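Order as written gives the chain letters A, B, C, D and E; numbering starts at 1 within each chain.
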């Protein structure tokens, strides 16, 4: 916490913004200030979305022993001659997809509810973008510093699921309808563990402000161990629950039930084409990014560097690196796991995650109560906390997987 | 396992009312079969399934065979004594009679518990037009379900007692039974660059119709079907013969 | 413990992910238009007609329009019309030739039965598969001009098989020539002895050797006789080393 | 989750598949409230081709499921009756297009039974090698497709296809075609493999268990996989036998019926292998049986490569052209990867068969599909269908 | 990445030169020339065609044997993803390309047309394999449609039974070339830009003996057979 804040790289974007704002007359400055923030978020995360899609396609391809998109290149009209023969590793693939999606015919089924059919993709993108407002992307980079930032985040995030329901309902397609129902069930089931997994952090830090939460993770034990919440027993448990719930909330594999390709064709997206479909696609990744960002903020120390000597790297880059790490993990999971069934999905939430998360809240309370324990008592504190995490995991896990086991087989005599 | 001959005798004893014929297979495989009385077919099938010595619990293959009407020329030779006292003359009288055709369902039965088989049983319809009903063996062996539906679809045998007798492969509106030997498929031979044999004749008919359809003499003969698509269509569909239902 | 199976799965995919960067066994992609797998010698796609030389493909077709392949072709995608006249073949005998020989590749099922039944080794399987077209009526119907390819091309794509066929044909032709010579000599001798000219035997060549050629392969099982042997270098295709190796995403 | 609000929706909707299935129709039933009829297929990602299931759903639960066939009915039998015996051989490739080698063999077996054609020893061994390699291909693909139905992002499928490609390469090097091998002939095989081919095949077979181990490590112990497959689509042995189910689907229910043992066709009695049997007959058993059968196939292959004799691959008396079996009939069957694959032929002494019939295991294994799916959800139905292992070319022929 | 990428093994036959698909109908040299003269060909058309040609999402839709080779084209060995075309969409609403991979039976044909109608413009169709082109070996069958081009327009025909996955990739490259050369305006404008050409095609009905109508004369105009 000593060196970096004033480094040039750290401040450069802010200085740039301030310089641009002061060019304008006084009354407009407030508006310009915020507009620039909004545009910056849109630009950065728009690009981030584009590269997430290509990263996902390429990483999945690598997981599957193939190459993935690698020969898109650029259109040939550019004045630069050098890339006529270059394919840019296929990194321009998302832009080709965007061009295509933008120019694709938009079909609205005759029997659909036209208004809702149009509204759903707009809402889903709007709300998933709104969640970015309270994420601290860097030391000074918090668009809106709300006192109840977490509440705002979850409120906005929940609205996207509603939009999915709207999409499924308004399409008047049977698969879409089933997907909408699934999305609702999933939303209700996983909103609870998601929020409960966050409560310990709120309990320990005593605040709902994301800025304060990051700041409270900002020192090093013994000078080098980062004091991120993920490195405490309750924090670790909370992080895992958060990860699972975040996967479910963002409809990612293995919880991609609303879009279940092998069952419901394309789920709620079945009747969407062209740019509306692209909007849903975008919103899905925005939601994923936002939830990953929240996970980074709450458990992985936000924009803090892991080691003091790495603080020279600007805080927003740390945030981005952690974000990319989380998203890569999500892609890895997607490439490996299979899908749960809807009843198993809700069962996992209610019989496993919710009790675990509740116990974890107790665990955090214990952690808070024993803050003053020191010396050997510190070990006791860790031990008890670990037990509170591991034992329930073990027993609840056993009851959850009861009856399911690999089998041995006999052979014909 | 007992031979088919023994089985036939046992069946004849058990079902005296039924006619059980042994159908010899002249081929190398020598898998002889039993032709059962259609009326008692299901009872015999039940017996075959449940008889402890047979236990034919597995009906592997069910298929139809179409035996169309056959024209058989009988030659009757009569020796007419020559009134003149010479050597008797042999007079040949040819008479053509039609052996009525039938549809046949063939079942291949095995025993999974005793691991023997096959016992081949056959059921015959009265003719190919109206008396095409056979008892369904689906209540005895569930495996006949789709296969009997297929036979109903492609051959037109009606299986009485089948729980869900609908067409299996063709669409419901389809009227013909395409696996019958006299079925004529719809005519779509407009483009047959390698036609020969039977196909050639049909393709030729098409080209003639297409050329005849060219009304405008100025139209190039290079693409006659394009010139008269409307007139070819009825001409092509007209000659399709219907197989008897 | 709950989750161990999932973690195992994650480990396996991670191994494959890492392996895809350094292990050719785990990165099997062949970047098609630039890299190509070696087609095995036996690979077959569509038939072509063998002509003895490349300069005059129509004049030196081996095909004598016997129409066996036309009859045996299961999907009936071959059309042959016999010529009205005869042309001398490689060994100099006058033979019929196909005035029309067409294969509809939009129907052909690449089953190779035409090759197996051909008594004259006149039709063989080609290996060209990049024949996507925009007009099926003109581009996919192969006339004899498009079908004819020289024997050297056959040697190029099926070397083992072609060598075997050539060897067999050469011995047959030699035998035929000798037989013809012998027959001619015998006839000359007979003519000299009897000194009665026989009308219509002015051309003794074609009558005797012709039946000998087709019958021989047809009676013997054609399949093992023409069975080609894959080249050794085809084999690595089954092992990943031959599959294009590591591929560069930037390429 | 009932769909009572959809009673008034009789407008035409753009759903997929059959015209009849394109509108949301509430099906009234006196016991259930309002049911939803969903037509899955013929264009559906999980129906393995153009299969169609008309499912009636109560919520997500299936209360009725009717399979609809015929979307790939391409008249194989009719065409075969109009062509020669040999001419049908390439068509059998296209019956079960994943396992052309064993389909070829089944047809050759039936014709050889019909005509009394002998087969030399080497050809018998080669046939077993091809059939077991085909079994590896088929089961590997099946398992991959099954996991796709279970919702993976293609990863297991692509791993399976990676192995498949290796075997397909072998088939291509031998027969000239990747899928449509057209390899068997009446009285033997068409092409003799070279020593190099055999060596490559042996290496492949020896490395195959490693792939299986990796595959199993990745998925067999996966908790989600266990939860999704165990207890799903149970099938009891009595019903399975009566419905004529064969192959791994039958053996998963615990019925010991493997034609390689029962009929002992080919040279199978000379080989030492075991027949794995399931106990519960659920989807997991059907999956595991495939894995175990692949391991047994590897055993058979190792023995076959060890014992492969020399000699001709075609019976010298075999005829390629103008093949006319004596009048009569024969039913030849073998244990295909999907079950009992049989050919029933009636010859009338002409070059064309009078009656040509394929006994398709895929079609008959679907007989109990509805019973297996009832009470499960729509997500399970696709998995159950996937575990039965159908290929539409054979279902509809 | 341990060793250098293996060079292309020499193909045993004179392989058609198949480089990276070049842009439409203007060669790179021409473009360079124009660029030097200060004419920037920053046409919207080119951007549009570039985007579409590099993002061809096929409909996940397999009919028969060829579907397996289509899947094989998506697997690791061939990897159709390199062309950006691995996203097989199961819903026609999001698909750009219909690969008719296999025998179209008469029972299936109306549904294929229906799926085609459900796809948004611009859409393309590849007939993969003999059966899709002409009915192939099964064309003699009573239930087999003799070519999907009787009912819907086909852009690329890939013969073969089944075509190798490489052949499908080759067809895809040809389609990319075709898209890159498409015009938005003028007399030779692309199909989807022309209002007078239909986007939807009549769906045949199941009749008593055949489909009704069995073909769409607006789409299917065969020339006289060459042997006639």
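FYI, a contact is a pair of C-beta atoms (placed from the backbone, for glycine too) under 8 Å apart; a residue touches a chain by one contact, two chains touch by 3 or more.
Keep in mind that this is a model prediction, so the values were computed, not measured.
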Quiz item: Which neighbours do chain A and chain D have in common?
Solution: C, E
Quiz item: When A-C is set beside A-E, which has more C-beta pairs in contact?
Solution: A-E
Quiz prompt | Centroid-based (C-alpha) most distant chain relative to chain A | solution = B
Self-check item: Nearest-to-centre chain - CA centroid comparison
Solution: D
Quiz item: CA centre of chain C versus CA centre of chain E: separation in Å?
Solution: 29
Practice problem: Would you kindly tell me how far, in whole Å, the mean C-alpha position of chain C lies from that of chain B? | Solution: 40
Quiz prompt | Centre-to-centre distance between chain B and chain A (centres being mean Cα positions), rounded to whole Å | solution = 65
Exercise. For chain C, write out the residues touching at least two other chains, lowest number first.
Key: 2-3, 6, 9, 12-13, 16, 21, 27-29, 31, 41, 74, 76, 79, 102, 104, 107, 109-110, 137, 141, 247, 251
Quiz item: Of all residues in chain D, which are in touch with two or more distinct other chains?
Solution: 14, 16, 44-45, 70, 73, 75, 78, 90-91, 94, 154-155, 158-159, 162, 165, 180, 218-226, 396
Quiz item: On chain E, where are the residues touching two or more other chains?
Solution: 20, 75-77, 79, 82, 90-91, 107, 118, 134, 137-138, 140-143, 161, 164, 222-223, 226-227
Quiz item: Tell me, which pairs of chains are in touch?
Solution: A-C, A-D, A-E, B-C, B-D, B-E, C-D, C-E, D-E
Quiz item: In the complex formed with chain D, which residues of chain C make contact?
Solution: 2-6, 8-9, 11-13, 16, 28, 40-44, 68, 72, 74, 109-113, 116-117, 125, 218, 220-224, 227-230, 232, 234-239
Self-check item: Parts of chain B lying in touch with chain E, wherever the complex brings them together
Solution: 169-176, 178, 183, 185-186, 188, 190-195, 199, 203-204, 207, 210, 221-226, 229-230, 233, 237, 240, 242
Quiz prompt | List of chain B residues in touch with chain D within their complex | solution = 25-31, 57-61, 63, 65-66, 106, 108, 112-113, 115, 118, 120, 141-147, 167-171, 178-179
Quiz item: For chain A, which residues count as touching chain D in their complex?
Solution: 60, 63-66, 109-111, 172-175, 177-178, 181-182, 253-254, 256, 260-265, 271, 334-344, 401, 403-407, 409-413
Practice problem: Could you please specify the touching residues of chain D with respect to chain C in the complex? | Solution: 83-84, 86-91, 93-94, 155, 159, 162, 165-166, 169-170, 172-177, 180, 182, 185, 187-192, 194, 196-197, 199-201, 203-204, 214, 217-226, 312-316, 318-321
